[in-house]
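One structure, as structure tokens, below. Some questions next.
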Amino acid sequence: MSEEAYPTSLGTSDADSIRLLGHDLAGDLMGKVGFGELAFWLLAGRRPVAGEVRVFEAVLVALADHGFTPTAIAARLTYLSAPDSLQGALAAGLLGGGSRFLGVTEDTGLFLHEALSAVDGPLPTDDAGWDALALPLVQRTRKAGRYLPGLGHPVHKVQDPRTPRLVAICAEEGLRGPHLRLYEAIGRVHPQVLGRTLPLNGAGVCGAALADLGLPDDLLRGVALLAPAARLLGELAEERLRPVAMDMYLGIDRNAVEVPPAEGEIDG
Amino acid sequence: MSEEAYPTSLGTSDADSIRLLGHDLAGDLMGKVGFGELAFWLLAGRRPVAGEVRVFEAVLVALADHGFTPTAIAARLTYLSAPDSLQGALAAGLLGGGSRFLGVTEDTGLFLHEALSAVDGPLPTDDAGWDALALPLVQRTRKAGRYLPGLGHPVHKVQDPRTPRLVAICAEEGLRGPHLRLYEAIGRVHPQVLGRTLPLNGAGVCGAALADLGLPDDLLRGVALLAPAARLLGELAEERLRPVAMDMYLGIDRNAVEVPPAEGEIDG
Amino acid sequence: MSEEAYPTSLGTSDADSIRLLGHDLAGDLMGKVGFGELAFWLLAGRRPVAGEVRVFEAVLVALADHGFTPTAIAARLTYLSAPDSLQGALAAGLLGGGSRFLGVTEDTGLFLHEALSAVDGPLPTDDAGWDALALPLVQRTRKAGRYLPGLGHPVHKVQDPRTPRLVAICAEEGLRGPHLRLYEAIGRVHPQVLGRTLPLNGAGVCGAALADLGLPDDLLRGVALLAPAARLLGELAEERLRPVAMDMYLGIDRNAVEVPPAEGEIDG
Amino acid sequence: MSEEAYPTSLGTSDADSIRLLGHDLAGDLMGKVGFGELAFWLLAGRRPVAGEVRVFEAVLVALADHGFTPTAIAARLTYLSAPDSLQGALAAGLLGGGSRFLGVTEDTGLFLHEALSAVDGPLPTDDAGWDALALPLVQRTRKAGRYLPGLGHPVHKVQDPRTPRLVAICAEEGLRGPHLRLYEAIGRVHPQVLGRTLPLNGAGVCGAALADLGLPDDLLRGVALLAPAARLLGELAEERLRPVAMDMYLGIDRNAVEVPPAEGEIDG
């Protein structure tokens, strides 16, 4: 292959046909493949079966985050400033999809995957076995000063309602795999190590379920970006009909208070 | 309502529950609502019926654009430079969703909607009636020097395979409405005005179908951004496994030729 | 030139040297060219003289917008969500640089440029002459229902302090050219057409001054983006030391009120 | 302070005045403060003296990266797709400002700062002393398998011309401080550890010089983003007059080759 050739298996087109993922887009895919199914296929490089689609779409629904999140506000304010560029407002919102707010899904999947990779021998087959695996993992993680991803939530302090629901859906589809089992075990054993009980959060359970679907660790953030893309478009649709961004901006701006520079601004 | 209240119908949450679109997210939506269905709901503010979901998802599949588009290349190059920020690479790709490459869907929907709004009396009921409506519309548009959105394609010079397929899906679902009928009529009558035959392109037929679904004109671009979001994540997933961005960059950079400034750079 | 050659006059490099704008970057430019000067050079394709640099930098200072603008808030909220991606927070802020908040500079420059291009014969030489040119322009613009760019300000209702200052600087440097003269005349004559007196705003006077510097109309927005780039970095530097984004987010989120979908959400 | 107050020392405005950084914007800053000076002030929270401005602007010129970098190509392709949104094209280019291409400046500054912070006792006063400090640092870094930031360049394999020039400018201004001295020492001693001689690159020397200016480590990337902002606007100005993005896109797209999915796409 010469240096100018750029290989891809996603798709190409010629005068008469469009190919996507090795199939004829018009004849084989349109009207036959759902959008969630297509997204999974594009991300994983393989076509999911029906149960996998259901779990994947449940994850996407779960991650269509709720309330005026920082990303929702950023998207609305950008739309206020540049209403001629819907793509800019969407992009501004997605740019908040970083380590703090969207990283939990990715972090949890990676954490579980690493823990499972280190298991020497067969995986447990019952809850007691999973608990026996989870306990030293939680202990080691805490001792190393690392955080346990997927635990705790600022609002849902006792239980995140998405967690038991997603576990149930995975079980219905025969997709409650080792990542999810280990994650559930962490939920059972962590109180004896941490001394308090934290809920397994929705972002974390989504990471566990996606890892059980075989999605590569470093693309879980991709899933965690796709759901907000739909949500953010909904925010912009609502902003168009019932604008609140100007009030948000004015509410902040009129409370600005000029102060001297913060201490520590001149350091090295 | 005081000035500090920010109304929204998208969703809120409290300690025990998460509400999205007026429903309980965990109990009513997860596992029951597909991702395409959710996206439609968020954009349109109403839940679609099954036939609408099928058309909507067919549109999203059709718009998962093909080949190394400028947006796909921009996303891959950004991922090359900043592999630690998947969200940045996705955003960079989406920012190409502007007037030239993604605007056709929006322009076509708007054009058809305006034309239909100007009709005084009942709409046509057969092809001859639609042709009689389309012909003067094409003539007036051409006379005004405006372009006819949704006509022509750089690659699919005779027929865009997505167009007849989407029309068929809409017909199957009883959703071949007035926007689509008028668009098809433009496809039949334009040769006698323009003196040449252009294909009805995929982006245009998607705009017509979305307008028939009742999506607001100015949010059609939103749909045209959601499909690429999934596609771009697929590009980044592939770039991760089979990187080509470095070769693309080097292929361009080594062919850079230093020349004097272009004429006209100093103007007012 | 073969199809693979990509011409540029900005710069290239080889093993021993780096060229920028036709000069040796290390030997000729570093330590000798200021950043504002370099930015002008890159945008205009020609090196500015000292007076032009002073006016250009005064414009950049004037446009380093003030207070918690929507773009500043969007950047801070994005940094809150994704602190690992400074570039994403900067980009999110810049994406607000669209038609409404940053477009005035561009619109004013373009408006003045078009008006001057339409003048048949020599330009006026005194205020009375400029007023005679401005009056019918304002009348025609108003009659056509178009807005007059660069007039009015939500906060500075009588005078925007940047306007007389920039006019004075331009005059000092011998760069108070026709765009600025016409803009000043609009400031004098518009009350007799509009029936009220609006201030010439800072964004508008910057557009007029930039047009007098010979910058192309469609790149004035580029200047209006460069100044905020520095300002937004300042916002992020301050956010790092004295964080307020979490409070901004919480202040909005706790005032979210769930309401039914807005009327009109289901339209075509 | 109530929860609704948002403190800032950057600036506020009222009907008659605009304040920026504690000064009257129109009266005290416009026409008196250069753009590089303002940017330093915003980033560092203190006004730089003249020598600091010269070093800072030399850094910005040095970092106005050269050639068709991935970020330049991404910006041009985005402008091709969405010419109506200059801010989007700029943002797309800046989003490449991540770990790989722009991170060297930040990494080098941080590396040097950490090394200096660990010194117990007075800093060296001559080259021999700095070499004695640098040698074990290079040895420890290599032994730990960490990379040495700021060493090596894909094009400038022997010497990056920016490095000696920036050192000379810093020396002229009395600002050749400990970070720079240590960086220079690394340049002298690393061959005896690595077994080969690499150049001190331009991005690294900029990081060292900025650290000597007292800019906080985690904002060095901010400086490394500001310079490209100007450069990218220059790219877009050139693209407007002498477009090459379409050729770049076509050159890549016509060399797309459809292949089966990559091995390893289905993993966990």
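All chains are identified by letter, namely A, B, C and D, in their written order; residue positions are counted from 1 within each chain.
By our rule, contacts are C-beta pairs under 8 Å (C-beta built on N, C-alpha and C of every residue); 3 or more make two chains touch, one makes a residue touch a chain.
Keep in mind that what you see is a predicted model, and the values were worked out from it rather than measured.
Traced through touching neighbours, the fewest hops from subunit A to subunit C number 1.
Chains that touch both subunit B and subunit C are the following: A, D. Judged by shared residue numbers over all numbers used at their interface, subunit C and subunit D contact each other through mostly the same positions, with over half in common. Among the pairs A-D and A-B, the greater number of C-beta contacts is found at A-B. Summary of the copy comparison: rotating subunit B onto subunit D for the best CA superposition needs 180 degrees, to the nearest 5.
Subunit D has its Cα centroid 38 Å from the Cα centroid of subunit B. Centre to centre, using the average C-alpha position, subunit A and subunit B are separated by 25 Å. Averaged C-alpha coordinates give centres for subunit A and subunit D that are 31 Å from one another. Chain contacts: subunit A has residues 4, 6-9, 11-12, 19, 44-45, 67-68, 82, 84-85, 87-88, 91-92, 95-98, 102, 216, 237-238, 241-242, 248, 251-252, 256, 262, 265 touching two or more partner chains.
On the side of subunit B, the complex with subunit A involves touching residues 3-4, 6-20, 24-27, 29-31, 33-36, 38-39, 41-45, 54, 56-58, 60-62, 64, 66-68, 85-88, 90-92, 94-98, 102, 155-159, 161-162, 164-166, 168-169, 172, 202, 216, 218-219, 221-222, 225-227, 229-231, 233-238, 240-242, 244, 247-248, 251.
Contact residues on subunit B toward subunit D in their complex (touch as defined above): 67-71, 73-74, 77-78, 80-85, 88-89, 91-92, 95-102, 237-238, 241-242, 245, 248-249, 251-253, 256, 262-265.
Residues 1, 4-9, 11-12, 19, 22, 44-46, 82, 84-85, 87-88, 91, 95, 113, 211, 214-217, 252, 255-262, 265-268 of subunit A are the ones touching subunit D in the complex.
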